[in-house]
Every structure is written in structure tokens, then in C-alpha cells.
């Protein structure tokens, strides 16, 4: 996602500020995935399991809930892109 | 939903501002669905699974929870449509 | 619920402002149900399934959670009905 | 719970303001139970099912989650009982 | 936990104010447990069931979620212990 | 994690303030784990069970939800790292 600037390789979250609400939503998705990746750092395991929950409506709704929570944070950080 | 203006084809979230609380609620529903669609981008799979959770009270309540979370964000963005 | 005024037939959410906290709670219940109804628009299906979750303590607690989330929004909109 | 004053019989939520944090917590419990009671208004059914979830750790944690959400609202309403 | 002062025996929540973030976290844990204890007041039952959920990763995560929600409240009450 | 200074051995949460959003996210992860560790203090039990939920997509999403909730708190404490 595109809101980064010149940062170190390990830096994946330089800022919560985005140009638009839609970029903010994309950042919320990134944050959600990072939460999963931090808990299960093995990308192979995550990939293997992904097929499982991609198919499960309840998992999809739960993932959408995490995104919603992060979107609250990102939206507040951006003062809701009012202006 | 109707709160968009002249935007690019890929733009689905130009603003969190809506005219009325009811439009804000509709936007919260859109955001919830987008969270699911981002996690499972294949519309065919989503459609196939939809019949499953449409029927499941717990899934419906969970979906309503995601909407409630997004509605908090949209309502705050609109200063609760107070006068 | 009674906080509406003269509005169009399709309008179910003219305002988040209520006279009392109790009316605010009732509005939170309405919002929760609307979240379910939006996801499953067929009232017959909802009614058939209602018997199922009306009986299930976990579903009742989950429904109460959605109400609590909406009540946060409504209470904030009304500045908590402080004086 | 004791934060009511002279109100009509049906009035159960005259205010979100309480004297102390502890009374605020008690109000959060009341709000949680009211959310359940609104969804399943039959007290007999609730009582019958209560034995079920009283015993289930996951249900108890879920109930505690609803209380936590309402406590956020009540605490904010009381400006966190600072000073 | 140590943030109480001279209070009546039944008083377990005299204030949301704590000296440090860490004490605030401990208070959030207390609040979470109180939510469970209020719903199931029989300590014997809670103890018997505790072995069950102490072992269950999903229960532990759910308990951590309740703590997180209360920590939001306590942190806001303390203005995040800034300066 | 690196946001501590000179503190006592038992001190694990000296402050909610971090230099960057990314350190704030790391702190949110720490808070989530601490919530689990407080509920199940036996590290051996936690380790044994970890293999279980590390593998379960729903547990991973639930863990991500707890992180998201704590990240809201940490982000607010840091005024969203706005300039």
C-alpha cells in the first residue's frame, strides 16, 4: 500500500495518515493482516490455513470486524477526512 | 449507494460524510461488505457461501455487529448529524 | 419507535437524537435489528430463524453486544443526555 | 439499582449519571441484561436458559464483554468520575 | 489490587484513576473478572469452570478481549497517563 | 519491546507513548499477550496450547481483534502520531 515514504526496509507503518478514506480502509486491512501475521509469523502456515477461512462465512465476518475496528482508528487519526 | 460524486471507476469510498443518518447507516453496511469482499475477493465464492450465513442467526448477528462498528465511525465523522 | 416526525415512508432513521436515555436504548435496539434485516431482507426467513436464536443464550448475549455498540453511538450523539 | 428518582413505572433508565464508578458498573450490568431481555422478553425462557450459560465459561466471558462495552459508555457519560 | 483507599467493605471500585499504566491494566483485569463474577456470583462454580477455560486458547483470547475493552476505558479516564 | 526506560524488574508497561505507529502496534501486541498471560499465568500451559491456536484461522482472527482494540488505545494515547 502506498502511504509510505522513504523508510527503512522493516518499516511497514510509517504513518496512520492517508490521502483518502479509501486508502485509509486499505490501511485498516493491512493492520488486520499484520495482527494475524504477528501471531502466526510462518507465512506457509498462514497460506495453508487461508483456504480454510476464505471459505467460511463466519471467518470472513470476523475478519471484517477486525478491519472495522482498525478503520475506526485510522479514520480518527485522519479526522475523518473532513475538509 | 448515493453519496459518491464524480470519481474514478475504482473509487468506492470518496467520503464518510452523508446527508442523513440513514445514508450513514447504508454506508456502514457498504463498509462491512467491503471488509468481507477484501478478504474473499471472489464474488462467486461469496455468493455461494451467502446462502449459508443468510440463514444462520449467529452469522446475521455477527454481521450486524460489524455494521454497528462502522456506523460508530460514520456517525462520528458526521458529528452525529446534529443540526 | 417514537422519535420520528413527518418523514417519507422509507425513512426509518431521521435522527440519532432522543429525549431520554431510555428512548436512546430503544433506538439502539432498532439499529441492531436493522443490521440483521439489511443482511437478510426476507422477513419470513428472519421470523423462522428467530425461534432458534431466541432460545440460545449465546445468541442473546451476542445480540446484546450489538445493542451495546449502537448505544455507545446514540449516547455520544446525545452528549449522554447530560443536563 | 439506585440511580433513579421519581419516574414513571416503565422508566428504567432515567439517566446515565451515577455517584460512583461502582454504581456505574452496576448500571452497565443492568444495560447488558436489558439488551438480553429486549431480545427475549419472556422471563420464563430466560430463566430456563440461564442455568445453561451460567455454567459456560465462554458465555460468562461474552457477558462480561457486553458489560465492558456499556461501562465505556457510562464512564464517558460521567466524565470518568474524575474529581 | 492497590488503588483503593479507605472505603466501605463492599466498595471495590472507588476510582478509575491509577498511578501508572500498569496499575491501569491491573484494574482492567479486575473489571473483567468482576463482569464474570456478577453474572455467575457463585465462586465455587466459577472455580470449577475455571479449569475448563484456562486451558482453552479461544477462551483466553476472549478474556484478553474483555481486558482490552476495559483498558480503553481506564486509559481514557487517566488521560493515557500522558505527562 | 523497546519503549521502556530505567524501571523496576516487574515493570512491563511504563508508558503508552511510543516513537512511531509501528512501535505502537508492537505495544498493542504486547498488551494482547499480557491479557492472555494474566488469565493463564502458567507459561508451560500457554506454550502447549499455543500450537493449537496458531493453527486455527479463527483464533488468529480473534487475536488480531484484541490487538486492534489495544491499538486504538495506544494510537489515541499518542494522538495518532500526528506531526
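As written, the chains take the letters A, B, C, D, E and F, and residue 1 is the first residue of each chain.
Methods note: contacts are C-beta pairs under 8 Å (C-beta built on N, C-alpha and C of every residue); 3 or more make two chains touch, one makes a residue touch a chain.
Note that the structure is predicted; figures quoted are calculated from it, not measured.
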**Item:** Intercentroid distance (Cα basis), chain C paired with chain B, Å
**Value:** 17
**Geometric centre distance via CA averages, chain C-chain A, whole Å** = 29
**Prompt:** Cα centroid separation between chain C and chain F, in whole Å?
**Reply:** 33
**Message:** If I count partner chains per residue in chain E, which residues reach a count of at least 2?
**Reply:** 56, 58, 62-63, 65, 69, 72, 76
**Request:** With chains as vertices and touches as edges, which is it: line, ring, star, complete or other?
**Result:** ring
**Request:** Name the ring's chains in order, please, starting from chain A and stepping to chain F first.
**Result:** A, F, E, D, C, B
**Fill in**
Within the complex, chain D is touched by chain E residues 11-17, 31-36, 38-40, 45-46, 49-50, 52-53, 56, 58-59, 62-63, 65-66, 69-70, 72-73, 76-77
**Message:** Under the stated contact criterion, what part of chain F meets chain A in this complex?
**Reply:** 20-22, 25, 29, 54-58, 60-65, 67-69, 71-72, 75-76, 80-82
